[in-house]
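The structures considered in this document are given below.
In the two assemblies presented below, chain A is common to both, partnered first by chain B and then by chain C.
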Partner chain A sequence: MARRRAGEEWTVSISSTTRVAPTRERDEHRATPRSNGVIRRGLRRWQEAGTFAVFVLPSLAVFTAIVFVPIVWTLAIGFTDERATRPETSFIGFDNFVFLLTNPSFLQALGNTLLITAIVVIFTNALGLAIALMLHKSGWLYNLLRSVFFTPVILSAVIVSVIWRSILVDDGLLNTTLRSIGVTDPPGWLSDPAIAIYSLSSIMVWQMLGFAVVVYLAGLAGIPTELEEAASIDGAGPLARFRAITWPLLAPSLTITTVMLMISSFKVYDQVAVLTNGGPGSGSTATIAFEVIQTAFVEQRTGMASAMAGIMLIIVAAANLIVLRVLQRREVTH
Partner chain B sequence: MFKKTIAAVGAGVAAVALLAGCTAGAGSEGTDASGDVTLTFLTFETPNLDAAYWDETIERTNAIVPGVKIERLVAPNNDRDAYARQLDSTGELPDIMVAVNPTGLAEAGKLAEFSEDELENWIDPTSNSFDGTIYQLPTNTQTIPNMYYSKAAFEKAGVAEVPQTWDELLAASEKVKAAGITPIVVNGGGADTWANIYALDGLIGTEVYAKNPDFLAQLASGDTDFSDPDFVTAVTKFKELIDKGYVSPTTLSKTYAEGQEAFLAGDGAMYPMGSWFSVAPDEAAQEDLGVFAWPSDDGSLIMPTYTGGGLSVSSSAPDVDKAKEWALAWSQVQENNAGGVLNDGLFVALKDFTVPEGTTKLYDESLALYNDAVENGTVVTVFGNEGGIPSLPSGFNAEVNAAITDLVNGQTDVDGFIDQLNQKYTELTQ
Partner chain C sequence: MHRFTWIRPILAVVVAGFFFLPLYIAIVNVFKPSSEVIASPLALPLQPTLDNIIGVATRPDGLFWSGLANSIQLTGVSMVITTLLAAMCAHYLVRSEKAWGRVLLGIMLLGLMIPPAVIMVPITRILREIGLMATVPGAILVNVGYYLPFAVFVFMGFVRSIPRDLEEAAWVDGAGKFRTFWQIVFPLLRPASASVLIFLGVWIWNDFLTPLLVLGPGAGNTVTVGIYRSIGTYLRDYGAVFAFMFLATIPVLIFYLLFQKHFVRGLTGGATKG
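Let's look at the complex of A and B:
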């Protein structure tokens, strides 16, 4: 660092935070083009740092305060026996985690969550792609249909669940219709423990379908028509063109929909709360997110609920990491 | 790879944010520029107690307690106990709450105490108290359940007399079933799983609490568990109703409101429900309905009764004294309580209360049953509604509701039901 000596002046740059070398020293540096470049790079670094500070630090601070710190705090509580109704709290190590991983109710909720996720990811992707292929045409009808398919996405999950409940309840619209056409003993879509989870998953597929359609339509729009035309000229049929061109080039769309659907499915709570309240019976449709809320806010065992949330974090992160790794490997560019 | 890791962890963050990010925003704002204190008041709305009822009670109370502004909160469903605890978990316990079980909140010091001197107008000020310390105003008495029945259904089935004994209930149910009518309506679908307990409540009243009023105290002290022979008998009798087709899995899928509506529309012969149901039917329907107590083995009158359900005050309210003053005033306004009688079928437990004109026929009959039980000394505790010390731990009722549904749907048997309750009780009280 240059020191100011007697008779020398400090030169202040535009940036109040940047101190430039004294005049004589600066002149010496001016003597060589290389030293000029060093100064410019230094200045640029300082400016970049300033820009970073102005634009990123505030949001980073907010993120840290309202997301990161509560998450770390939640994870830490998972190692205690904290209860909202009990003043004293003790550190209990991994006891909560050991209990949960051997607790049938939690394992059932974990299994339900994985089943819902698998159904939603597979069926939403398959149906979304099929519908997108059908709607990948121009015309007012197709534009209208795109809007129709996307409408459920923008509806609240609670509203969707209330509507579907009125349809699927034992004496609801669906069973009334089935009875009117001669089905004497229609299924208990929400009251039969063996069926309810599939009803719930189907509603989620229905609601998220529009999202998958839109993503796949965007993906299809990005595929150059020349490739399809060239393949046609070479004699490739529709199926061959789909397998060789469309499907590989839709890989980024598949990655996006799969990851987003997985996240949505893993944290499903609203639909469960409204449609079945975790039932019918003991946890037949309870998910991890539902169990977290129940344990924290009904049973008031915040330590246990935090441990559940920690396990959920690990599972969701691991699952997404694996899926991203697998799906991104098959992504190609054109 | 780094980006993938970040993306994956970011997804996980969303999961943990479920718990970390939950806030309900129920906190009161304290004192405003005019010097008025703003207090939050947690209520719940049902077909009987609608928004207009609550708003009118607030208006009347504000007229006699100046300097208070009330911000009314509404529980998202009838399970206000769970909602109050959810708010509490986020540090937003309402300043005043109605009919929220104080268990857990009181022991944690989150509720303000009332003295017996403040409650000199109350008939039983220490009902549901915590060893004499009062955290909830025991203003209302409810009998849970009464057996409401359709006279038309009984007539169609050839049931001439209302059942007084267990055997008569079985015989009547058999006739009703043979007539193609659901004998006993039990609901609890959607988010209203809490509503499926009332038939079992009747049996626990006659089989457990009538024989052993200290059952819950013994349970809390570890001297007994749910394998208690009386409790097993109650569950076994409930299972008998299911096995014989008197309680139907079909009606179980209906929510509380849907179930009530269906029963009033003629779907079912008997409806075990709290005394609040007595004001739900309109005038025409009242004529077709009657009420009797849940039948005991020998026909003696046993009436499960809960006295409590009034207001409680948060110890962290911005002005606890003012909040208590408001709660005490709200509870003693004749019109407020008259509204509770006419809209929710409450039996008001205040010394100076006068039952208003215009009560329904079913209300009068339900009240008469309660008064008979009081006279006979056969009032017992309502399972799941026990307040104070001892009481069931927070969250236990949800397990009972789930186990009942399993029992009705054939997913478990009596032994499984008992084991499930024992395991959950141990888990929650450890």
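Let's look at the complex of A and C:
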């Protein structure tokens, strides 16, 4: 131990003279006889490989096994008529995809997913920005209110859905209260097929609102006050100032919230499972993720479920890339 | 215009009050008997009772305690492994500046957007093949693989901000790549590590689909899945369900309050940079 420490001191004292020009020191090493250089290079390659094995290989191996291989595998299973309950499986080409894209209940699930995504992205952004503008002030009160809006973000979707379910079911806390104040026929928030999907989307907006508020507050904090003051002196009203200064400068915030909200609404499963289980009626709130899980793990039709997953994968990747491209271009032009 | 400055705080309090109402209902009703929950959900618990909490904690099937043990194990181990692996991987990818590093990052970024439902069928098969299906290590493996892209992405941004000279100095001083990383780079990555840890902690604790399918009923499941199961059991017993959720949230709430700063900073890092 003592010897090692002495060695370290030695290297430190050497390095204090060489640190100024580390590159020259390495060049001097290279100026050794050729055979020595070959060995050195071989050793270097070994060290490279060793470093790669320690630093990257574990991550790469786990990512490959859990994400990459399953993606490719899912795409492959989608071209078969595989059922988990039946031993024989055959390749059936695009049959599953043709079936799905002409199947009303799959198209309904696709439509539901897109509707939920649109509602969540639009309303969470609009309300989040409005609340951020309202809370963009210093002081203990505003700090406290920020925490209030942020609390649902750290709760699980299961908990949020159970809370709202206890409020919104037919004989739940809301309708019991409505009846007691004289409303004879309150709406079936989760049992009316025409309303349920809006209730579900609103609950998602409620849960993710705090996320948008925090991102927009950070964006607002980054806008120099001189800009607004200058515009104010030039006679611009609050609305004109918002349109000319605040909104364009919040472009990066809009990109972050939109992409994050899209990713989380495309995969919505938990809320559907807890609130409506896909119903009421035939799949009025079923989403693609919900259909995939039902088809694969309840009905055991893994071939069909994988074809659904493949379609979902393409839509998610395409939508995210397009939105990212459009929003980032907007960031650059302003 | 300045005459109306009192509008803002009042409006803010009213809006926040309405927003908080569902959480208020969930909290006050933990301390009321279930009959009172339905009769007057908004009333404060005038004679607060701990019966609901005691009922959940002493359930004969031990659903809460086994769930808690599983959640703590699964969340703790998954987030630590993911953070360590991602930090090393991100450091290598940034510093080696190789073309394939960029390709790998692209593939990983696509992995960020993948809904877990899409890859669940092959994942359960791979786990069954290697004998980790319905085990906590199997669920940990899935979490590490699924959340790695996010963690690598966050770390890569931070590694770029660390001056290269520091590492070169350590390298010249004779420290190996591994030692340079652990003694010089990793401590400097502390803010990034904190952000990654808190995000993973909250996400994994709240995760529903992965533990539901990977852990299954056999090995016992997490508290989050336990809540889902307990709605079936209690059906109408709101007090008990709220108490279960209350207890299941306390650990993640404490964790969040401890690292709050880093959570918000991690969320807003990209927003302020632009």
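As a convention for this text, the second predicted complex is superposed on the first by the 273 of 334 C-alpha atoms of A that agree within 3 Å, B and C clash if a C-alpha of one lies under 4 Å from a C-alpha of the other, contacts with A are read in each partner's own complex, and residues count from 1 in each chain.
Following the convention adopted for this analysis, contacts are C-beta pairs under 8 Å (C-beta built on N, C-alpha and C of every residue); 3 or more make two chains touch, one makes a residue touch a chain.
Quick caveat: nothing in here was measured; it's all calculated off a predicted structure.
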| item | value |
| --- | --- |
| Partner chain(s) touched by A:157 [first = chain B, second = chain C, both, neither] | second |
| Partner chain(s) touched by A:135 [first = chain B, second = chain C, both, neither] | second |
| Which partner reaches more residues of chain A (counting touched residues only), chain B or chain C | C |
| Which of chain B and chain C A:231 touches, first, second, both or neither | neither |
| Which superposed partner A:300 touches (first chain B, second chain C, both, neither) | first |
| First (chain B), second (chain C), both or neither touched by A:178 | neither |
| Partner chain in contact with A:289 - chain B first, chain C second, else both or neither | both |
| Which of chain B and chain C A:167 touches, first, second, both or neither | second |
| Touched partner set for A:70, first chain B, second chain C, both or neither | both |
| First (chain B), second (chain C), both or neither touched by A:280 | first |
| Set intersection of chain A contacts, chain C complex versus chain B complex | 66-67, 70-71, 73-74, 165, 263, 266-267, 269, 273-274, 288-289, 292-293, 296-297, 302, 305-306, 309, 312-313, 316-317, 320 |
| Sites on chain A touched by chain C in the complex | 8, 11-12, 15, 18-19, 22, 25, 47, 51-52, 54-56, 58-60, 62-63, 65-71, 73-74, 77, 131, 134-135, 137, 141-142, 145, 148-152, 154-159, 162-167, 173, 176-177, 206, 209, 211, 214-215, 217-219, 221-222, 251-253, 255-256, 263, 266-267, 269-270, 273-274, 288-290, 292-293, 296-297, 302, 305-306, 309, 312-313, 316-317, 320, 331 |
| Residue ranges of chain B touching chain A (in the complex, touch as defined) | 4-5, 7-9, 11-22, 82, 85-86, 88-89, 104-105, 107-109, 189-193, 249-250, 252-254, 258, 262, 393-395, 398-399, 402-403, 405-406, 409, 411-412, 420, 428 |
| Footprint of chain B on chain A - complex, ascending | 66-67, 70-71, 73-75, 84-87, 165, 169-171, 188, 190-193, 259, 262-263, 266-267, 269, 273-283, 288-289, 292-302, 305-306, 309-310, 312-321, 324-325, 328 |
| Chain A contact footprint on chain C (complex, rising order) | 8-9, 11-13, 15-16, 19-20, 22-23, 25-26, 37-38, 41-42, 85-86, 88-89, 91-93, 104, 107-108, 110-123, 125-126, 141-142, 144-146, 148-149, 152, 168-169, 172-174, 177-178, 181, 202, 205-209, 213, 224-225, 227-228, 231, 238, 241-242, 245, 248-249, 252-253, 256, 263-264, 267-268, 270-274 |
